[in-house]
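Below are two complexes that have chain A in common, paired first with chain B and then with chain C.
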Partner chain A sequence: MKILEKIKNNKLINNQTEIQKICLHKLQSNPLPNPKSELWRLSNKAKFSNFLNYSFNEKNTKFDIPYPESSQNTVRLIIGENCQIKLIKENYSILQLSEDELNKYIKEQIACFDQNENWSDLLNLSLSSTKNFLALKINGSKIPPIEIFSHASSDFLNAKTLVIFLEKNCDIELLQVNLGKENSSLSQSTFFLLEENSSINHGVVSYGENRSNLLNSLNVIQQQNSEYNLGSLHFKFNYARFEISIKQSAGNAKTNIKGMQITKKNEQISTYTKIDFNGPDGFLDQINKSLADDKSHAIFEGSIIVPKIAQKTDASQLSRNLLLSKHAQIDTKPQLEIIADDVKCKHGATISQLNEEELFYMRTRGITLPEASKLQLSSYFQEIISFIPVSKDRWDLLDKLLNEN
Partner chain B sequence: MVNENLVKDVVKEPYKYGFVTDIETEKIAKGLNEDIIRLISQKKEEPKYLLDFRLKAFEKWQKMDEPDWAGLGYKQIDYQDIIYYSAPKQKEKISSLDEVDPKLLETFDKLGIPLTEQKKLTNVAVDAVFDSVSIATTFREELAEHGVIFCSISEAVKNHSDLIEKYLGTVVPASDNYFAALNSAVFSDGSFVYIPKGVTCPMDLSSYFRINSGDSGQFERTLIIAEESSSVSYLEGCTAPMFDTNTLHAAVVELIALDDASIKYSTVQNWYAGDEEGVGGIFNFVTKRGKCLGKRSKISWSQVETGSSITWKYPSCLLLGEESVGEFYSVALTNNLQQADTGTKMIHIGPKTKSTIVSKGISAGNSTNSYRGLVKMGTKAAGSRNYSQCDSMLIGDQASANTFPYIKSQQPNSEIEHEASTCRISEDQLFYLQSRGIEFEEAVSMMVSGFCRDVFNQLPMEFAAEADKLLALKLEGSVG
Partner chain C sequence: MQSKMKESDPILEVENLFASTDNLPILKGVSLTVYPGEIHAIMGRNGCGKSTLSKIIAGHPSYNITSGDIKFSGENINSLEPEERSQSGIFLGFQYPIEIPGVSNLEFLRVSTNARRKFLNKEELDTFDFEELVKEKLELVKMDHAFLSRSVNQGFSGGEKKRNEILQMALLEPKIAILDETDSGLDIDALRIVASGIKKISNAQTGIILITHYQRLLDEIEPTYVHVMADGQIIKTGGSDLALELEKKGYEWTDNFVKET
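Moving on to the complex of A and B:
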């Protein structure tokens, strides 16, 4: 793993920023996560080292977005290309975060990092240079939908970081697209701070190509009365990890998560979520779907932590999985850790294949088996896709999922 | 069904099994090394293969690390500060119960376990284990008439060596885990059951484990073999005196069910849990596993865990035979500073296998109660099903309840369903019951009893009654 060697010898990056120095220093003493820890235990070691074997690249190749511009007034940003933002309109403003604000916030985050839980962030922040760092402060009302793209270049490892402060009473729709190129590794870390009464409909679509790899980490801090809705979709990656950490810093916030991962061929895609209720009256509704076909491996681990202070928390988590091949594998582990006594918490998990009775019914009505399966899958996918903002009308995600191999 | 009136019997009383029997015991020196293992083996006049089994296990144990993944907080165990063999002194050979030291009989009498002839009216055969040795087994002749072998494992080593050699360590191998390896090296006694082909055991079998001395650990080993088309129900009870030191209990239970056989294994565990400050109590690290080897075989675990300061226990089923069935019904109650990490593993290997898990955790005081389970569908487990349900009830705002189900599937043609919920005793329900003239504590008892009903219904009747009473007792003063 070339990168780790270079990190150890501190020969990777010139002109390090303060944040890079802190993170590199942490990694130098302990460059890898513990493979026995719960979060890394199931991770495919060969695939993981393959991820780290690409050479690191700070530059970005020219990139054409394969998706049509919207007719609406959408703000479209590409991390690595346009990081100097200054949009001041009548009702709203989207501005770049000042260096001080950014450093202060990131340092606070790093202070609570755990080697295993935040290893992906540590790597990302070590590598991500100012140029690949998009940090925004958004406020106002009637803000147009925002699309943010990240991509890796073929044969390289790229690191991109997104930081968004959503100020009080602000309400946005944001779609984040991570595009994996052929033979590439992308490390994407995202940090959101939702101030009081703000709300965001966040979509994450990660769409790879042959042998692309992704480490995608998402850290959200929610202040009181904020609402965070996440719709996510990960597919076509040789190796992908999606790590979500959400903290309701003073409780009384709403979180809805609908995520899906689809694995085919020899792929491994995993989702890890950690929801921390740090105050009373929190709400969570989470559903995670996996579909594993061929020889692939899908993993979901979700933990919900309800400390004593988080009375009257209402949290539910559901993991629904479809296993479509004899050689595929699904691991799922929803978990609850509860100390507060006046809470409503539940979780559920199922693993099965397509419903035979429904298939039979459709076939008796003259629908062929492949069509019937497709119909069933489309309803399975639709629940998640319809939750992803901005994208839904213009990109035919469903068609991509059903018809591409 | 459990008699509701039993709950009413509850009176404030401390751990009533906490007395110590003053009896002369034979103990060996503290510490653990090869010589100690040879000494134990020699004392039990064991054949060479068993000594080799022990030594091999010891060798492996030395290379293993104590597991820490359960996140249980307890002070480090000094394995050299434990007496690995302790037995009440009595005559060499006992031909009848009359020759058993009356003090021992009295002890078991106090515990409500009738060993003396005139009290053997209940139709349950008992194997009583006191510290490291089995002191008596009742109803042996009656059982022998049916071909059922029920004796202590030491006797089985002498009289049924072929069976022991064939099956011992086949379900839980010596190197399975840290505590199983320790047990394999130093196990002193335990029960052995063999049900021959086609026999339905005429009565419930039961073993009763009693730790009496404060400085010796208990390492018993139970082996139950159910031949084709046989069935047996086995009950296990445990108590210990109150000491302010921690005592280690590391047992291994192995069950083997062949074609069409069924084994039902029920436990009411009431080891001393330590006092309100968490001083003393038993460290209960147990490995229990059943192997459904035969087609249509069935193994059912039911347990009520109320004692021990630390519980680390995962009764499991390996479902190898086609259409074999595994069941796990559990109530785990923790209070004060108790910690329980318990659950099950259902490993579906054969086709069309089924498993059901029902786990109820109740945590009160400052305790921690975790369910940790694994359901795995192997590549050949086509047509298999699992259903799991884990509910937790929290009493007071200092207790914690955790759920960690691991689910793994490699077989598309199988179904796994898991659900878990957490609740507390609802004030509305309490208010309703109180408005009907039911005392507060009694109302709580009723609700806890209702919460656990799914599991209690699976217990043999005497046990169900005992369990209900036990829960009510343990919860005394923890509500309100």
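Moving on to the complex of A and C:
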């Protein structure tokens, strides 16, 4: 693990920013997450080592965007290429956060970090240089859809960070695309602050190539009356972790999550979610789907925390899993931690195979077995894909999943 | 029991069929012959093998034929896949039609119809041409066009699901249709709509097998033959009077029948 050696000896990064110094210092004293902790015990150690074995690179190579730019008014940003943005229009503005605003916010976040829960963020913030840091504050109405791309370069580990402040009464659609190249590692951390009455439809689509790795962390703070909708899709990574932490800081906010991970060959992709209700009248509707084939391993661990202050919380978390091979493995653990006594919370998990009766039904209508299986998968994928904003008119994700996977 | 001389060849011949699932024998020597234009009703207690017979004719992979033959238009189809049987003209209407979320009913119907048309060497239909065809067939079962844009059977009531089955039958134009308890869960009006749809689709070239528990469907569609099944066998065959008698006397009446075939 070349990178950790260099971090320990403080030989990795010159001209460190204040944030990098803080995070590097934390990692130096405690460089790895505890492999026995709940969040890391199922993580494949060899694959995790592979993630850390690439040389760290601050430079960005050119890459192909997976679908053409829209003729519509869409804001397209590539982290590492065009992080300088200043858009002031009649109805809205998209501006960079000032260094002071950014440092203050990130430092507040770091102060609450836990070594195991936020290890991926600590690594990311240690590595992410100013030019790979996109930090925006968005204000106004009728804001055009925003697309943000992050990518890793072959044979390297790249780190990208995104920070978005969504100001009061603001409403946006944002698609984040994380692309892994062959033999690469991408560390992506994202921080959202949703102020009162703001709303975001957020899509995260992450896919790699042969032997690419991803540590993708998402931290969301929702103020009252905000609405956060997330549609996510992770596939084609040798090793990927998607860590979601959402805090309804004073309750009375809405969170909807529909996520899916697809594993094939000997890939391992995991999703960890922690939803923290820190006030009354919070709402959550979450569904996480996994599909595991060949000798792959898909993991979901979800935790919903409802303290005493979070009365009248209404939360639902469902994990639905499809096991396509007898050598594949799925681990799923939706969990509730409830202290409040006046809440409506439910959780559940199912693991199944392709439904034989459904397949038979389709076959009795003249549809061949491969076509029927494809239709059944497309039906399984559709619920998630239709929840991913921005891309749906121009990017046939369903076709990509059915034909490339 | 079908000893009359027929002018045409049979569509379906089930000859002394034995079948099992997980080594458990279900069918224990079923024989049944259906000629063009005939409507056969199969009645019997729950678990007697009626639905299993329909699934085996349609090619369900969970059942093994241990002996006997199924011939369709004179060809043995024991080893054909379900899709091959469907494409060649065998239709199974399900007792519990399956929901397929995320797949539009219109697209599902179009793919199915085109699979059958391809087999018949007819031109496959694009979405526009298919919409024209389906519009005409919707009338048969009094279904609203809005059903087409919904996912297959998802959120449909029991009656709507059954009407959707008959719509599929109308589009696929099968040579033989096996309708497994199509009347179950239907109110009187829905039953009439479904029965009228079946009558309009059937003709002198097609055969129909109705699996049912109740006389009320047979009041709407008069069967040529009525068969009573028990313990994996057809134990009695008669005309439409047999169903009426069964309705009056119940299945206990059939307990003492000696196997007649």
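Going forward, the second predicted complex is superposed on the first by the 403 of 405 C-alpha atoms of A that agree within 3 Å, B and C clash if a C-alpha of one lies under 4 Å from a C-alpha of the other, contacts with A are read in each partner's own complex, and residues count from 1 in each chain.
Simple rule for what comes next: a contact is a pair of C-beta atoms (placed from the backbone, for glycine too) under 8 Å apart; a residue touches a chain by one contact, two chains touch by 3 or more.
Owing to the predicted nature of the structure, the values given are computational and were not obtained by experimental measurement.
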| query | With both structures lined up on chain A, is it a clash or a fit for chain B and chain C? | reply | fit
| field | Partner touching more residues of chain A, whether chain B or chain C | value | B
| message | Looking at A:R365 after the superposition, I want to know if it touches chain B, chain C, both of them or none. Which is it: first, second, both, neither? | response | second
| query | With the two structures laid over each other on chain A, which partner does A:Q311 touch: chain B (first), chain C (second), both, or neither? | reply | first
| message | For A:S378, using the defined touch cut-off, is the partner it touches chain B, chain C, both, or neither? Pick first, second, both or neither. | response | second
| remark: With chain A at the apex, the angle to the CA centres of chain B and chain C, rounded to a multiple of 10 degrees, reads 70
| said: I'd like to know which partner A:L87 touches here: chain B for first, chain C for second, both or neither. | reply: neither
| field | After fitting on chain A: smallest Cα gap, chain B-chain C, Å | value | 12
| message | Touching residues of chain C toward chain A in the complex: what are they? | response | 55, 58-62, 81-83, 85-87, 91-92, 94, 97-98, 100-103, 108, 111-112, 115-116, 119, 151, 168, 172
| Which of the residues in chain A come into contact with chain B in the complex? | 308, 311, 321, 323-326, 328-353
| said: Show me the residue ranges of chain B that touch chain A in the complex, using the header's touch definition. | reply: 377, 379, 392, 394-424
| query | Mind pulling up the chain A residues that touch chain C in the complex? | reply | 355-358, 360-369, 371-372, 375-376, 378-383
